[in-house]
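Please find the structures below.
Here chain A shows up in two complexes: once beside chain B, once beside chain C.
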Partner chain A sequence: MLRSRSAAVTQEVAAYCGIAIALVITLFPVYWIASNSFKYDIDIFAIPPEWYPVNPTLKHYRAAFIERPFLQYALNSLIIAVSTTAISVVLGTLAGYALARFQYPGRWRHQISFWILSTRMMPPIVTIIPLYVAFNYLNMLNTKPAVVIAYTAFNLPFATWMMKSYFQDLPVELEEAAMVDGDTRFGAFLRVALPLARPGLAATSIFCLIISWNEFLLALILTLTERSQTLPIGIAGRVTQYHTYWGEISAAGFFACIPIMIFAFIVQKHLVRGLSFGAVKG
Partner chain B sequence: MTRALPTSTLSHRARGSGLEQWVERHLRILMLAPAMLVLLALTIFPSAYMFVAAVTRISPNPDLPWEFAGLQNFTRLLTDQQFHIGLRNTLVFTVSSVTIEFLLGLGLALLLDRYVRKLNVLKTLLMLPMMLPPVAVAITWKLIYEPQFGILNELMFNLGLPPQAWAGDARLAMLSLIIADVWQWTPFMFLLMLAGLASLPIEPYEAAAIDGASAWRQFRDLTLPFLKPVIAIALLLRIMDALRLFDLVFILTGGGPADRTKTLSLYIYQVAYRFADQSYAAAISLFVLFATVAFSTWFIKRMRLAE
Partner chain C sequence: MASVRFNDVTKNFGNFVAVANLNLEVVDKEFLVLLGPSGCGKTTTMRMVAGLEEVSSGDLYFGNERMNDVLPKYRDVAMVFQSYALYPHLTVADNIGYPLMIRKVPAAELKRRVEEVARRVELQALLTRLPRELSGGQRQRVALARAIIRTPRVFLLDEPLSNLDAKLRVQMRAELKRLQHDLQVTTIYVTHDQIEAMTLAHRVAVMNNGVIEQLGTPKDIYNNPRTLFVAGFIGSPPMNLIPGEVQNGTFASAGGLKVNGLARANVGRAVMGVRPEDVTVLMDGSGERNLTAPVYSAELTGDSTLVSVRVGDHLLTMRTDRNFRGDFDQLIGVRIPADRVYLFDQETQKRVDF
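Moving on, here comes the complex of A and B:
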């Protein structure tokens, strides 16, 4: 009895140690980039390393956002992310609702849903060459709308599946009641289903914002100058073969993480569903 | 599972204008069409272009016509060393990183599920890495791996081990890439496993406890089978993502040193934009596309995920 109790205590202590180690490993790199963004160059290169900024400075933030066009990059990122999200969520909500609620002959519901999902499974590197050629032909390279269109291709299937999964969770009786009371089919969607799906709508929007804000490859190929380049592209541009601007990229990199950290806290309850395209309900 | 509503209004009263009634009658297709048209345009056109490009020889000079090349671009795949290196690197990376992420994520989820049920803040902190921009993650690890002043070599020094060039060392570059990816994506596995564990039924475990089944037997005969659908989805999504790795490798190693970390995505990018050979890039892309589709179809069938 005594032995098994002490074994249980040992086990518990080991478990907490494991969790603590995981937490340190998870958070240290984020702390490290933040900490370096507030150090002078000489302190970034210090050996042994300076564990926290002894002489904190905003020098690199000034360099990135005032002397270099990182403010413009951030603004481009924001405009592109918001536009992509708006288009994807509106179209995805309509389609998601149609797939969740209406009747279809045979296995069409399944087949349409699966086709929509399969478009998301295309590797971006496969889609991007034709899109590049098309935008080049249309004189749209290096414009924000081109990036928004490309991003929509990857966000729309996601938004559709997420909204479909949220609508499927709503009881259909409420819409039926509204229709018995004389509302139209579309009215029942607009005035009953949509308000009820608001948490799902918010979560889906935040996921789309995160995906677009983080995206790299498509923007790398479709943008050329600060007119349309996004934050990740701006950061990558300061890592050159000859010199890496550690302070500047730390500042810009940490800055790019801030909205994501806020969003992560907001959507944490929906995260599991978001990560699995609505397949696993958290 | 889902209850379908009739397409038209339940009410028999004729109501609203002609337009309203027309919208009402065609609501299903009206709601589906915008999304489907956008997706059709953004997938059919690229796929068609890729097929045509792959069987032609596109000159970098846009004024020259395309020449039919038959299967030349595909036979080139058989002899192209660079392609084989890219394929091997992609597979090595995918298998190692996804396996490690799965095992670590499952282990961590079992720990948290058992000992700290209600700590949502802890969960949010642990899942942070996967939300961060991959570019920010890449520069963070570049900073950690930096051979002269990087924190990892400081750690090596304190442990009495020789310093390494990490991402700059041909032997360690792939490992460095895998470590950074494991750091970012273990939380994904962890979170999905945790959700799966939270939805396990209690009764079978009570029965097993009465029968005196060991913890290991319970894990093997109850937990794993119950978790199987979640595990399958998590693995599928991670494998698809790992197969297309680009951002991390582009910034951390650029595919080097000596092509040790060159992935297929990176190679396609180089062929299309550095060597301006769109036709060959299209052929490699189609290979990647078919391999991905074939694998995921097989996997979904195998795991019976479709139901």
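Moving on, here comes the complex of A and C:
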């Protein structure tokens, strides 16, 4: 009894140690960026390292958000990420539902969904020249809609596939029951399938939001000025020819983490259920 | 309320024919049971009535109205699914009220009718629960309540009792029968359980491989099976079916079974059918008998004993008194009355003696 009990305690301690190590590895960079954002430049490079801001300052925040247009970058990022997510999730949900529920004739049955996913099989950079030419022709370079369109093109296949798999896990009988009860197909989708796919919606939204909030490469090519540049571009812009502004980079970088953290916190209840959905049918 | 008429209805899934050239009329207010093994097309037939499957060819009518291309929403049918298909995110009250909510019934009336129907199926106390907080029997009653909250033209019940435990099933069976009698709505009921079919139906349609083998009252189906399939499917334990030959009014099989005085004199190769309760066990040496054989097995079921003997490669089962005291391998006499014998053609599987 005593022995098995002490074994259980040892096991628990080992588990917590493992978790602690994992947390240190993943959270230290975030802590370091946060800590640096409150230090003077000289302290950022202090040796031995200054583990926490001894003389805290808001200097870098002032520099980034008042002297430089980081608020504008953040606003651009927000508009672009939210628009992309909204469009991708709405279209992806409708497309995913259609793919999950309707039988396409003959050999198209499996190929349509595969074809949709196959657009993600090339590296995004391959499309950048045609996209650049197309947006240039449409006079849309350096605009937010151009970035939203490009991001949506890359998020939509994943959103479609994620939603498709959530809808496939829902028993089709529920929608059939709704239709026999007097609902239309769209009503059954809206009132029965969609509420039940909420975990999937949460998982898909946060996935799209993170991808488009963090995206760098397409934005770098498609945007030119603060009119449409996003946070990652703004941050990269502080690595200049003569000087790298680590303080401002840290301040803006830490700031950029916050919205995603808040959003993830809000949807985490759905997210956990979403990611384990289908594994355990309840 | 309406009759439901199938006019040469066929349903294909690719090359698979699920229902073939179905002709059937379910008359107004009738309780019709579609009975058959899984995969026989009975559920597909019901789903075509609900509009959940398209009719591949032929016509489906409610009354005089052709329904082939009518959306489920406009068919005005109510269905109880085998899985009950309760909306997991809605409370019991919202589940039951769903059909009325869709029809934009005013909130006060909706509430009143939900309470009324909930009282009828004894769910008043559970209206605020979610389906996952209910037992199997309670879920079944929610599904039923959702179906009867309005008066549809047709009720469709797809194996509604199959997920209940045995005791509850018998109780709900009686309640369903009463409910259909009270509501007087045309009902189509799908099951693979022949007892449910016998007890509930006005008429039974026995289906196999996508066709109706026989349509008739439970009594008719039981007393006059037209095919080998129906004979073997109905009855518990099922009818004894023993292959042999009929010459000069006498049936003879391998294993020494002989039955004289049959109505049809010369059939040739045939299958003889006789129900276990029509066979008599003779314990002593006296009396006319068709076979003398050792007891293979004897099972007391409570109200009777099922005794079986070997006839060639087949077992012949008979239902006898619960006080039967025969032991394994004890010799007994078997008496089969000629007028209780059914004869089937071995090739066509059809009845030949009627």
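Methods note: the second predicted complex is superposed on the first by the 237 of 282 C-alpha atoms of A that agree within 3 Å, B and C clash if a C-alpha of one lies under 4 Å from a C-alpha of the other, contacts with A are read in each partner's own complex, and residues count from 1 in each chain.
One rule holds for everything that comes next: contacts are C-beta pairs under 8 Å (C-beta built on N, C-alpha and C of every residue); 3 or more make two chains touch, one makes a residue touch a chain.
Just so you know, these numbers come straight off a predicted model, no measurement behind them.
When the two structures are aligned on the shared chain, A:Y151 is found in touch with neither chain B nor chain C. Of the two partner chains placed around the shared chain by superposition, neither chain B nor chain C is touched by A:F70.
When the two complexes are overlaid on their common chain A, residue A:Y245 makes contact with neither chain B nor chain C.
When the two complexes are overlaid, the chain among chain B and chain C that reaches more residues of chain A is B.
Contact with neither chain B nor chain C is seen for A:Y166 once the two complexes are overlaid on the shared chain. Once chain A of one complex is fitted onto chain A of the other, the partner contacts of A:T184 extend to both chain B and chain C.
Using the contact criterion defined above for the overlaid structures, shared-chain residue A:L174 touches chain C, although it does not reach chain B. In the superposition on chain A, contact of A:V192 is made with chain C only, not with chain B. In the superposition on chain A, A:F254 contacts chain B only, with no contact to chain C. By the touch criterion defined above, A:Y61 lies against neither chain B nor chain C after alignment on the C-alpha atoms of chain A. Of the residues of chain A, those at positions 176, 179-180, 182, 184, 282 touch chain B in one of the two structures and chain C in the other. By the touch criterion stated above, chain C contacts chain A in their complex at residues 50-52, 71-73, 75-79, 81, 83, 85, 87-89, 98-99, 102-103, 132, 146, 156. Of all residues in chain B, only 1-11, 13, 15-16, 20, 23-24, 27-28, 31-32, 34-36, 38-39, 42-43, 45-46, 49-50, 53, 107-108, 111-112, 114-116, 120, 122-129, 131-137, 139-144, 148-149, 151, 154, 183, 187-188, 191-192, 194-196, 198, 230, 233-234, 237, 240, 243-244, 246-247, 250-251, 265, 268-269, 272-273, 278, 281-282, 285-286, 288-289, 292-293, 296 touch chain A in the complex they form. On the chain A side of its complex with chain B, the touching residues are 12, 15-16, 18-19, 22-23, 25-27, 29-30, 32-33, 36, 44-49, 91-92, 94-95, 97-104, 112, 116, 118-119, 121-127, 129-131, 133-134, 149-150, 152-153, 156-157, 160, 168, 172, 175-176, 179-180, 182, 184-186, 210, 213-214, 216-217, 220-221, 231-232, 235-236, 239, 244, 246, 249-250, 253-254, 256-257, 260-261, 263-265, 268, 271-272, 275-277, 279-282.
Those residues of chain A that touch chain C in the complex are listed here as 171, 173-174, 176-184, 187, 192, 195-196, 282.
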